[in-house]
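In this document, chain identifiers A, B, C, D and E correspond to the written order of the chains, with residue numbering beginning at 1 in each.
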Amino acid sequence: MKYLSLLTVVPLIGALLVAFVPRTKPQLAKQLALVISLIVFGLAVAAWIAYRSDSGRMRLEESYTWIPAWDAKFSFAADGIGLVMLALTALLVPIVILASWHDLDNSGKRSVPAYFALILALEGTMIGAFASADVLLFYLFFEVMLVPMYFLIGSFSKDVPTKQRHYAAVKFFLYSLVGGLFMLAAVVGLWVVGGHTFDWQQLVNADIDSGVGRWLFLGFFLAFAIKAPFFPFHTWLPDAGGAAPAGIAALLVGVMDKVGTFGILRYCLPLFPEASKYFAPLAIALALVGIIYAALLAVGQNDLKRLVSYTSIAHFGFIGIGIFVFSIQAGSGAVLYMINHGLATGLLFLVVGMFVARRGSTHVNDFGGAGKLLPLLAGIFFFAGMASLALPGLAPFVSEFLVLAGTFKVNKTVAVIATIGIILAAAYVLWMVQRTTQGTLNPALSTVDAMKRDLTKREMIVVAPLIAFLLVLGFYPQPVLDVINPAVEATIADINPVQAGK
Amino acid sequence: MSAVQTGEIITFFILAPLAVIGALGMVLARNAVHSALWLILTMLSLGVFYIVQAGPFIGMVQIIVYTGAIMMLFLFVLMLVGRDASDSVIETLRGQKVVGTLLGVGLAGLMATGIYQATRDYTVVGLEAANKDGNVQGLAKLIFTNYVFAFEVTSALLITAAVGAMILAHQEKSGVKAVGQVAKMRERFLPGNYPGPKPGPGVFATSNSVATPAKLPDGNPSQRSISPILPTRELTAAEKADKPTLTGGA
Amino acid sequence: MLSNLWLLIAIPAASAAVLLLAGRKADRWGHWLGVLAPAASFVLGLIAFFGLRDLPGRAAEQTLWTFFKSGDMTIDFGLLFDPLTAVFVLLITGVGSLIHLYAVGYMAHDEGRRRFFGYFNLFVAAMLLLVLGNNYVMLYLGWEGVGLASYLLISFWYNRPSAATAGKKAFLMNRVGDAGFAIAIFLMLAQLGTVNYNQVFSQVGALTTGTVLVLGLLLLLGACGKSGQFPLQAWLPDAMEGPTPVSALIHAATMVTAGVYLIARSNPIFSANSTLQLIVVSVGALTLLMGCIIGAAKDDIKRVLAWSTVSQIGYMFLGVGLGGGAYALAIIHLLAHGFFKANMFLGAGSVMHGMQDQVDIRRFGGLAKYMKITWLTFMMGWLAIIGLPPLSGFFTKEPIIAAAFEQHDAWKSWVFGGAALLGAGLTAFYMTRLFVLTFHGPKRWTDGQHPHESPAVMWIPLVLLAIGSVVAGGLMASPVAKWLEPPLPAAPAEEVHGVLGHTAITVLSLVLTVLGAGLAWALFRRGTALEPQPAGPVVRAARANLYTDAFNEAVFEKPGSWLTRALVYVDNKGIDGVVNGLAALVGGGSGRLRRLQTGFVRSYALSMLAGGVLVLGALLAVRLG
Amino acid sequence: MVKLPPMDYAAIMPLLILFGAACLGVLIEAFVPRRARNITQLLFSLAAVIAAMVFVVKRAGNVTAANAITAGGAITIDKAALFLQGSLLVLAFVSLLIFGERTLEQGGAFVAQAAVTVGSEKDKEQAAKSLGSTEVYPLALFSLAGMLLFVAANDLLTMFVALEVFSLPLYLLCALARRKRLLSQEAALKYFLLGAYASAFFLFGVALVYGYAKAVDFASIHTAAAVGAGNITLLITGLGLLAIGLLFKVAAAPFHVWTPDVYQGAPTPVTAFMAACTKAAAFGGLIRVLYVGFDGLGWQFTPVLGAIAALTVMVGAVLAVTQTDLKRLLAYSSVANAGYLLIGVLAGGQLGLQSVLFYLVAYGLTVIAAFALITLVRDADGEATHLSRWAGLGARSPLFAGIFTFLLLAFAGIPLTSGFMAKLSVFGAAVDGGQTWLVIFGVISSIILAFPYLRVVVMMWLSEPGESTPSVSLPGVLTSTALGVGTIATLVLGVAPGLLLDLADKAAAFIR
Amino acid sequence: MTPMWYIVLAAVLFSIGAVGVLVRRNAIVLFMCVELMLNAANLALVTFSRINGTLDGQIMAFFAMVVAAAEVVIGLAIIMLIFRTRRSASVDDANLLKY
């Protein structure tokens, strides 16, 4: 089976199908989108199984001719890192589709088929980015995914003023494009110095002059740092996360931003080992500042979705540290963190979305004591918050632990400063929970009828798998780590051949 | 001919200043017709230069075609446009003249020094050899061999020019068909048309201005009574007010 | 049983899951399930406890599964049942079951009772994981789990802003300690490559003194956070916002003693460095005095008890800090404290239950007549805590005081022994004040109070705990000390002769106790005024928690909130401003450049000519240059 | 005895066909009844283009170094020339389809009688109902023939004549808009005056080069430059002046000033034709001059041209940011694209040439489709090109807004569009050719340029339709075809550019 | 004296024409300035023809004249067209298209 190409193509074809559903049949569009996303999930599971029986660093390889003139190929392959990321994508999308079921009800002009088609298109491009083994192909997906996301951010959220949505969408697009174009320059440069090929494996083996390598590294890193986002390239995320519908925001920070960190692991480190080492202190410093800075900012936010966005920036700081200290534990932790953060923040965004959908506002002050009216939802909100602050027993703890423990081995100061971040994480999560669901019941809330409807069946189905995964991976993350570890070890070996095996 | 002879030197030093004066005159003359005439002076001087430089054919073409035909065309159009259309002295674009002149001087300086320096030590071959079968023959030979394609292609230019002049200048007569008396009457008495004579302006009105519409029997103003090119006059209250009939001892 | 240790944890955990997920359907029977779960664990714990005796090495260890593994780092999900664990398991499940039972009655009228029992079971499960783990990560897992449960229970009445805030405060301060603990774990992993107790302890000797010191300090930070020791003590009194059974179980008997457990468990580390021990002892001594002083100035019944807890745990820290045989003394005091403090908290709950949730001791008085059982059981607790022989406090606290005097350095003996001794007197003072103001003297109730005895489901646990308070100390003191060694070190064979003889210390402490109690009795026999009394600086400071809250606010909270606000500004105006500024620059530049496209063909020609001249000039410059 | 030089008719057949067809077109104008003229002219011109294309393709099979130069050395039909001619024919074919569109407005985009005074009664009448002028077809064919000659010219004289042959009809075509005729005429005037000005520079440049090289065919110039006889300053000065003429046509800064005005004022089909074909022809000429004639002077002109390229990409991008008229916006985008193309030109070598050839086709097809779409958005006064009028178009007609968005993404260089591949090829070639600094400028410019495109997208999709949002007219078969071809080509070249790249690679060889 | 003086003269005339385009407002005069530039180029061509001893220069001058003739026709037609609408031959009046 050609799993990886199928995984990429099926959602894209699905997107086309859904796009052609007439606007008058929104229900059909939703159902079709859900079915397709579930098929993709099934494929991802199958791919996981097939991956386990394959061998080598890059598995499930496929390759088709594309542009012979440039030696660019439609090649797909996955290492453990890519596999877990695309599995995460395939898992989150059906959930998000289900969560977004009623996003466009009563919004009149917005087209339901377009919305779900865009989500599927986004899924296809994201999976493509995780699955490609050709630098140009990766770049292609990396850039194309901006387009559906741009429309998703800019067009569909009912609860955000139009102007703010426009601003956020354009900002998102331009930020990403800035990174993308500098990366393009680097891609081009890589092609030239790497012997006129885009093949990832060949480029890894190519002998690149370290001076040139540093510049190319910077090009790639800038793009990924903006995407991820690392401090100080982060300011688009709160706006985008605040303006996007909750489900989309979940995909945005849950998966799409991971393309950035994934890109660093897949491209920056193996392709430019010398430059990676050279710039590692800088990257670590940015990540550290990000952890503390974003956490403090999260405390100061009054908009729920912006707040969650800032928490993500802090989390990306951990991932960044994990990547750049070049220890196996930290690296594996970072990759695991990418998964867990996708689950946890995804859940958090979805739950916030449920609150927002009921209240019609994202402002924290419009809530207050909501737990009284919606105890179950508040409970899940709290659960998601705990996952976000990496409470032991929930999945993010393991990854955070690995990152910090791995970092501590290499650089004690960094690890200690980063650990302060876990205190701040508690601060913003609890502050958020307290202002939203605890304390005296905001009288305005009782007047909103929707605020009296606790979790619906659909919403339960939405949150259940995420909660289950967070718990299971919290106590038994080893199956995922077994997939991640070899890939990370190989990556670290690229950086530091001597350290390999340690 | 390769060397510059005295006669040519004299010619050059008489005509070169004239050519420059002509050019400057064209640029500086306020009246467009004067400009054209100044330009003709320059062109004639150039024609002479061509002849002096062993290009009798091209020199004649310069004088006959350029000066004679093309410049006449210019003058013709100038006359059409109105020869009094002289430029005002005031320059509307700030700094245009100064900067333009500076750039011109710069361009001239760059080119002239560059060229002069580059070609100082050129040996002048002269056209004696090329013209040995006659200048026109020599040209013809080239035109019909090496440059025959370009030559043919210029026809396209001329056709384009002709077509262009036609579409930009030619107005077809709007196809007005002769209308017979019967048809005219039929049209006049069509339902909805007003067959009677139009009332004259000022009829029953308080003012006899041509701009004041006549009043219809029901008292409404009739727009048909005034020419469409005249703006309808808004009357002031005082004007609208009924004026007392002039009676004897006012 | 020893091969199925996981059941101990799984039963309450499963019960918690059922209670939290089952929904309203479980409202009718849920609380009984909640009581059964810890009781079942208690039974299993007993079986395991007896099984332990015949086991060679007296420890059962098992690895359930590999928790996670990466590179050369492997963390197992493993359990260890040894004597130290055993006593904790029994304390947790035993006292826990009683408090659960009590809560059935206490929470009877609360609509969230099922949820309450869910959290309560969750706490028991987490606490059992904490003591059962065979490595520090397991300990950390349980550690955070009890923190979570504590948070949930403190802010159980989440619609009360004060409860929500108290919960948050508890969680945050704990988190500070946890961060230290976490770094300690990282340090172990980095230096020793393992977190398994046995492997860590066997390698302690290989570590440098500095490393041991840092490691111990970090662990101490964690312990202070969880146990409410200086400087992280401020959350514990606020935690009394939770329902009273919570205060009894979590914030008196079990969870707050986790710090003591941690230090006791890590005794090879702490014993390896005398500076470290000195610091632990200092923390303990300082905290025990602080707790006494503040406790004496408080009017809220539960807060007095809370500060008393802080102070008592100070004794335990003092004990574990002294090292050697004192480890066991601390653990014994911990067990006895579990009984009498739980007893008193539940008694306080019973009082509140009868007084419509009134907590101000100035509003009580003369309750002895109206709630006899509560009065009697509370009295047992009171007498136990002030260390009146032969109640349990006497047998457990007095040896710690004695141990504090028996040090090699005389100044240490005087300072720490003196502090412990002074603490005993103060304890007698404030506990007596509490007891007298509550149960004796004139009635100072608010209108409409009809104090009554609590239902049987509440007083039965009280009675059982009271019995425990009376007899536990005497019965346990020496057998438990023996039972606990190993894992705790044995008392050194050679006796250190302290600055004071054993008997002298006993007499002194008794005298002080009687003095303190008598003074309190004399002062508060006739009740107290409702208005705040004019007081000297010491009392004012004590009322203000010795200004520790003010300090926290001034040093952490205020600057933190300023910093946050400043950063929000920086982010919007600074970082985002730079980006927006760049965009505006391009836009502005575009707007201005646009004006150059004037629409005048002559301008265009000018720019062409200018371009031409420049091109020519540049070409010639390149040519000539 | 003067003998006609040998003519390789198979090679110059496309030229002959086009010139012949243009002349016949003028005759058709005279003899075919008015009503049938449009369809006749259209079909005839299309047929001529196809016939020319057939001969280009036929020739492509058997072109060699020996048979490339013909017509007395005036013309080189080498592979590059054939590629450019083929591209020009394809682009012109698509543009001509838009010329022929009559369903959007009776009589199409062209005025019936240009001579009628603007604003007069007669003008209003003819704007509403008259049939459009059909002289535009022969004019376009003349222009196209001139372009084909321009890219194949082997000496500067032929080049100069070809330049005029393709420019003069364009000046006329610009003046022929049916609506907004004042703008159209103004555009024609500006284009004409500045074009004449630029060609005067070109001619003087020819004179100087001739002065140095004693001949004007590229081979002689190359030899003379290589020998370096005499003082090369003359040659350099000549090159500079030549370059001004060529850079004017390609719309490189600071010689781009005419572009926005002319693109905006000209009838949109003509704008499309200019944007695609003129650019291709002008770059074809530019690379021939630089690569064939002056390649020996590379190090002399590369820095200067590099500076111009950098300036061009920045000016185009920065000025596009604040534009409010779509045609003007696309004009500035075309300026920026000229800059990217210049980067490719400067890259030099096989890769550089290949990238430029590929870029020209990719960009041309996209830009034609974009202008074709602009013709569809209309109100009572013709096309509504002001940006604000496009607000909410996505809700009104999602298909067209979607297509336009796609085209804009292609301009912005987002992958899966030909624009991305084109940019990638150009940047790749430039880095390979050691012009990395230009790539940096290109990247910065692309970033800036994305903003105006995004503004259009925001307008179309994210804004609510206003009262004044015009409807999108349903295009006729012709515009639909043009639009479809352009869009599909944009997609296909974006997904699978391999074929065209290979073709361009094979074609990237000049014969001197 | 060498024939180079002709070239210098051509350069000067060319520059005068180039400046004339910038400073004159009448479209026709402006166009005449362009013609002057073409004439200057022709002079250069003819002179170089003589210097180089080949007739190509003269041929080119000849072609330039033909081209100029065609250009003039079209140019004047466009100018007339504009004039008929605007009643003005000033190029400054045609600036609806800007910015």
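In the analysis below, a contact is a pair of C-beta atoms (placed from the backbone, for glycine too) under 8 Å apart; a residue touches a chain by one contact, two chains touch by 3 or more.
Quantities reported herein were computed from a predicted structural model and do not represent experimental measurements.
Asks: If you walk touching chains, what's the least steps from chain D to chain E?
Replies: Counted as steps through touching chains, the separation is 1.
Asks: Look at all chain centres (mean of CA atoms) and spot the one farthest from the centre of chain B.
Replies: C
Asks: Measuring centre to centre, with centres taken as mean CA positions, what chain is farthest from chain D?
Replies: Checked the centroid distances; the maximum from chain D is C.
Asks: Which two chains have the most C-beta pairs in contact?
Replies: Greatest number of C-beta pairs in contact occurs for B-E.
Asks: As a quick test, compute the distance in whole Å between the mean CA positions of chain B and chain C.
Replies: So the centroids are 98 Å from each other.
Asks: Between chain A and chain D, what is the gap in Å from one C-alpha centre to the other?
Replies: Between these chains, centre-to-centre, one finds 43 Å.
Asks: Report the inter-centroid distance (CA atoms only) between chain B and chain D in whole Å.
Replies: 29
Asks: What whole-Å value do you get for the distance between chain A and chain B if each is reduced to the mean of its CA atoms?
Replies: The separation of the two C-alpha centroids amounts to 67 Å.
Asks: Which chain B residues reach two or more other chains?
Replies: Within chain B, the residues that touch at least two other chains are 92-93, 96, 99-100, 103-104, 107, 110-111, 114-115, 119, 122, 146-147, 150, 154, 157, 160-161, 164, 168-169.
Asks: Of all residues in chain E, which are in touch with two or more distinct other chains?
Replies: As it turns out, chain E has residues touching two or more other chains at 7, 14, 17-19, 21-23, 25, 30-31, 42, 47, 49, 51-54, 56, 59, 63, 67, 70-71, 74, 78-79, 81, 91-92, 94-98.
Asks: Indicate the residues of chain D shared as contacts by at least two other chains.
Replies: Touching at least two other chains: 114-115, 157, 161, 164, 168, 171-172, 175, 189-190, 193, 197, 201, 208, 211, 232-233, 236-237, 260-261, 451.
Asks: If two chains touch, include that pair; go through all of them.
Replies: In this structure, the chains touch in these pairs: A-C, A-D, B-C, B-D, B-E, C-D, C-E, D-E.
Asks: In their complex, what parts of chain E are in touch with chain B?
Replies: By the definition above, chain E touches chain B via 1-9, 11-20, 22-26, 28-29, 31-33, 35-36, 39, 42-43, 46-47, 49-56, 58-59, 61-63, 65-74, 76-81, 83, 88-90, 92.
Asks: Can you list the residues on chain D that touch chain B in the complex?
Replies: Interface residues on chain D, with respect to chain B: 2-5, 12, 19, 22-23, 26, 71-75, 113-116, 122, 133, 135, 138-139, 142, 145-146, 149, 157-158, 161-162, 164-165, 168-169, 171-172, 175-176, 208, 211-212, 230-234, 236-237.
Asks: Can you name the residues of chain D that touch chain A in the complex?
Replies: My answer: residues 354, 395, 398, 409, 412-416, 420-421, 423-425, 427-428, 430-432, 436, 439-440, 442-443, 446-447, 450-451, 454-455, 457-458, 461-464, 496-498, 501-502, 505.
Asks: Using the touch definition from the top, list the residues of chain B that touch chain E in their complex.
Replies: 1, 4, 9, 12, 16, 19-20, 23-24, 26-27, 32, 35-36, 39, 42-43, 46, 49-50, 53-55, 57-58, 61-62, 65-66, 69-70, 73-74, 77-78, 80-82, 85-88, 91-93, 96-97, 99-101, 103-105, 107-108, 111-112, 115-116, 119-120, 122, 124-127, 129-131, 135, 138-139, 142-143, 146-147, 150-151, 154, 157-158, 160-162, 164-165, 168-169
Asks: So in the complex, the part of chain C that touches chain B is made up of which residues?
Replies: Its residues touching chain B are 598, 600, 602-603, 606, 609-610, 612-613, 616-617, 620.
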